[in-house]
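Think of it as A, B and C in the order they're written, each chain with its own count starting at 1.
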Amino acid sequence: MSEITPDLVRHLASLSRILVTDDEVEKLAGELGVIVDSVATVNKAVSGDVVPTSHPLPMSNVFREDEVGPSLTQEEALSGAAASAEGRFKVAAILDED
Amino acid sequence: MSELITKSASELAALIDSKEISSVEATEAFFDRSEKLNHLTLSYLHLNRETALSAAKAADEDLAGGKRHSALHGVPIAVKDNLTTTDAPTTAGSKILEGWVPQYDSTVVKKIRAAGLPIIGKTNMDEFAMGSSTEYSAYGPSRNPWDLDRIPGGSGGGSSSAVSGHLAPLALGSDTGGSIRFPAAVTGSVGAKPTYGAVSRYGLIALASSLDQVGPVTNTVLDAALLQDVIAGHDPHDSTSLPDSLGSMAEAVKTAEFSGLRVGVVKQLSSDGFQAGVKSCFDDTISKLTSQGVEIVEVDCPSFEYSVAAYYLILPAEASSNLARFDSVRFGLQVAPEGNPTIERVMAATREAGFGPEVKRRIILGTYALSSGYYDAYYGSAQKVRTLIQQDLENAFSQVDVLLTPTAPTTAFKIGEKVNDPLAMYLNDIATIPANLAGIPGMSVPNGLAAEDGLPSGVQILAPAKQDARMYRVAALIEGLYTSEWGAPLIAKAPGLVAGNG
Amino acid sequence: MAKEPLMDFDKAIEKFDVVIGLEVHVELNTKSKMFCGCANVFGSEPNTNVCPICLGLPGALPAVNKKAVESSIAIGLALGCEIAPNGRFARKNYFYPDLAKNFQTSQYDEPIAFEGKLDVEISDGQTFEVLIERAHMEEDAGKLTHVGGATGRIQGAEYSLVDFNRAGVPLVEIVTKPVFGAGANAPELAGAYVRSIRDIVKAMDVSDARMERGNVRCDANVSLRPKGQEKLGTRTETKNVNSIRSVENAVRYEIQRQAHILDRGGSITQETRHWHEDRGYTSAGRPKSDADDYRYFPEPDLVPVQPESSWVESIRASLPENPQHRRKRLAAEWGFSELEFRDVVNGDLLDLVEATVAAGTSPQAARKWWTGELSRQANAQELSPNELEITPEEVAKIQSLIDSGDLTDRMAREVVAGVLAKEGSPEEVIEKRGLRVVTDEGALIAAIDEALSQQPGVLEKIREGKVQAAGAVIGAVMRAMGGQVDAARVRELILERAAN
């Protein structure tokens, strides 16, 4: 019994910008369903008052001084780009606006 | 020349230091062998003779000028392909980074260069380190020198096969859930995951940021210790790196002794589910230690039951975010669909083409685990399991100095055996995952050949956080017990790689 | 895209309760970026202030800029906030070409500052207490330019270009709680609030605070609900509001637009809207959903920020006076009328007047200079008064020469022009141009006699009580003396003549 439906898979694939075919959607829904069922056990392990750990070793206040350091040259910055123009990375038209 | 390639890194370092051999000779020996035999094991993705030898030459010149940069000066090394190098592509085993040459060296690569170690090449790995068999590499699987039809472990199967096949005396790997230790166990070599933060992650292509660590892949404990000494240390570029040094591991190895040692055996990781031969090798290790007067205590870590589940929520979640940057814009593959695609479609098509199925699975799973409405139940709960694991370990370490477990539940399985069963694949890491979740150090040393298949098995040593020295000491002691018994390291029993095999 | 139908503003206010919420992003003026050492400067060649970290290259890791944390704490304190003893960074995950990592390192449920308030005064003297929900640290995205479309905007563009120089610049996002009860004053209040934030961060020198450069940006949220209803209406968020005036206009527009829709029984789409200052309307952007799933989780590459209370207190102690308090204090000290004081504030002349007073000028004289002649000069040169090539000390010097009688008002204006033309200090200009009030009464009297002889009968008229007849003589004397006489003294002498 899993809540991973094909529609959910499509939604997740869209959120993570991965194109998926219909076949892949079916397959993924199945695979993920099995995985999710098995990992859902973590829910049982914990009660409300356990504090989550996001850093294995407790550390805090790690800062650097506000100093300017070396940057890449424009050429170096663009060296990996599939497309560039006028010193900038060139991308295809953007669908939505923010 | 053939003798050179079976020497340990520390032996080579001594020979180079005394000028009996040059770094160029040593590097050439390993490079030529790698070039000749790589088609058998696919250990390497990139080999460049010029860069390797010019670094070796510089090492020789420095030595001639009286400058020895480290205890491993002049010894050639292989580097896992998820560590950035400015003079070689860095692909992380993925098509999405095919041919990408980084604009900066990772901190650990900077350190090994500064320490005078020439880089032989970049080693193969499961794509983005997701996997435990190297079968998920986009460039083809690496193969185990003990049996070329079998996996060399993963995700660092390139490094482990290189070292165990004597294509390199030592290598750098990375470990997120066992990617150094599991390959070490199944190839009869040594692999260590330092305490989280002991080694800089700057320049390590991230998988799961709170779990990843860089570590040594070698044939002896001393070599691993020497290499960790070179790469460890605080890095201002990595905000999670430990502020203080953990001391010298090599020194620790030289001062190891049994007296007073208390060893714990984890109830949850000592019986069911382990291959019989693996279990008996482990039992043998325990009985050897008992003969030395070591106290063996069974410890109870109930939260370990949830460690695999927690791991397979935390890792995909962090990875889904870490891998978002692969979008065709600033580096890497770009795939533009027909017509006038929007950038959204270009990104989606690129990632579809550039990521393999396991990576896609985990990204989508991770996206799910972080989704609003699911966060508390999945990622949030998994992070709580981490706390419980830390508590169980704290409790265990109050009773014993180190914990021992079999490193892997099985010996090397055949290529193709588990590749279509992700869940079965995930279970390879059952013993190694807790160390990453808790941030404690863990390492694997060989402890024999399984009776049923004659393949290597490993024992894992776990120590409290920041007690890497203690871990190395115990590892050295165990290694010593076995080399006394066998007369040589386990690796000496491996069938040699011969061109024309496989 | 056309303007949508609007309800009359007053009618809208009558029918509906307006609720506004403001999100202001302040760009900090640190030397380096938030998470890397690239320079935080405006106007460089594209992609020259970038590195593996702010470019989001594989393997790169962030490192927190301490000064940015300090400035963020300072802003929080200035807004009366509590400073979180334990805060973390979080990843806000979404894909966009100007976002190098395709997540923004920001803060989610553990912002550095929270629960503050700001008193905002509007033109009719009313003060509103705006409650601050939170202020948190985050990084800016790169800059996109859209090419090929008709308007340079996204719609219809062929492709876009990305410059990551701005990516990683430290931002502080300040979020208000919903503001109730502003009614018809809502637009002005929104503008005044943003101006207050701008003044505060400028006074603290944590930001260059130039809205036209994007140092301070505002997103305005507006919702309406029928009078008496408790449930909040659907809100829209308007972006691209680049000036105080735009804030006011955008809020006003949204009130009218939403009122029209609601009045006809329609419903408001929860969405992000884009303000067009040139046309005076908002247009629909992306539908905004609170289900915009950003999948926030604590940033694993950074460790918690736990500012020690001693650090927080030392920051608090070094805060400059709150701009509003300062204004109240100065208004009282200077004794200006409300209108006079407002002129100074609205013209952004407070600092200049204060400095000129500090250099010895009376407040009224200082005010007259800066709101009068100097503002006029600034406008003529298309500069702001701050940018004029004359210092408050120089202005004070010139005024003192007027006070001592060494310069007439007219001559003083000439001296100002000379200083602005870079001829030198006031004294140097006076020297070069020979601007001195002639105090040699002998020469004056000679000139007066000469003028009187040219205009007989003037003295007669003056004696008859037509004092204004002196004017023509004064004029003649001024011309003869090249204007370098104190007209008042000339008049005195003429009248003395007449009396004798």
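As a convention for this text, a contact is a pair of C-beta atoms (placed from the backbone, for glycine too) under 8 Å apart; a residue touches a chain by one contact, two chains touch by 3 or more.
Because the structure is a prediction, the values reported are computed rather than measured.
More C-beta pairs touch across one of A-B and B-C than the other; that pair is A-B.
Closest to the protein's overall CA centre, chain by chain, comes A.
The greatest centre-to-centre distance from subunit A, using averaged C-alpha positions, is reached by C. Centre to centre, using the average C-alpha position, subunit A and subunit C are separated by 39 Å. Centre-to-centre separation between subunit A and subunit B, using Cα means, comes to 24 Å.
Separating the centre of subunit B from that of subunit C, both taken as means of CA atoms, is a distance of 57 Å. Looking at subunit B, one finds that residues 100, 103, 210, 236, 239-240, 320, 324, 327, 329-331, 343-344, 347, 367, 371 touch two or more other chains. In subunit C, the residues that touch at least two other chains are 52, 55, 57, 63-64, 95, 97, 102, 160, 162, 293, 295, 297, 300, 302-303.
Residue positions of subunit A touching 2 or more other chains: 15, 17, 54-55, 59, 62, 64, 72, 77, 80, 89, 91-94.
Residue ranges of subunit B in contact with subunit C, taken from their complex: 82-84, 90, 92, 97, 100, 102-104, 106, 201-206, 208-210, 236-240, 317-318, 320-321, 324-327, 329-331, 343-344, 347, 367, 370-372, 375, 379. On the subunit C side of its complex with subunit B, the touching residues are 52, 55-64, 91, 93, 95, 97, 100-103, 160, 162, 291, 293, 295-297, 300-303.
Listing the residues of subunit A that touch subunit C in their complex gives 15, 17, 54-55, 59-74, 77-78, 80, 85-94, 96-98. Note for the complex: subunit A touches subunit B at residues 4, 8-9, 12-20, 24, 28, 31-32, 34-36, 38-43, 45-46, 50-57, 59, 62, 64, 72, 76-77, 79-83, 89, 91-95. Of all residues in subunit C, those touching subunit A in their complex are 30-32, 36-39, 45-52, 55, 57, 63-69, 86, 88, 95-97, 102, 144-146, 153-155, 157-164, 239, 272, 274, 285-286, 293, 295, 297-298, 300, 302-307.
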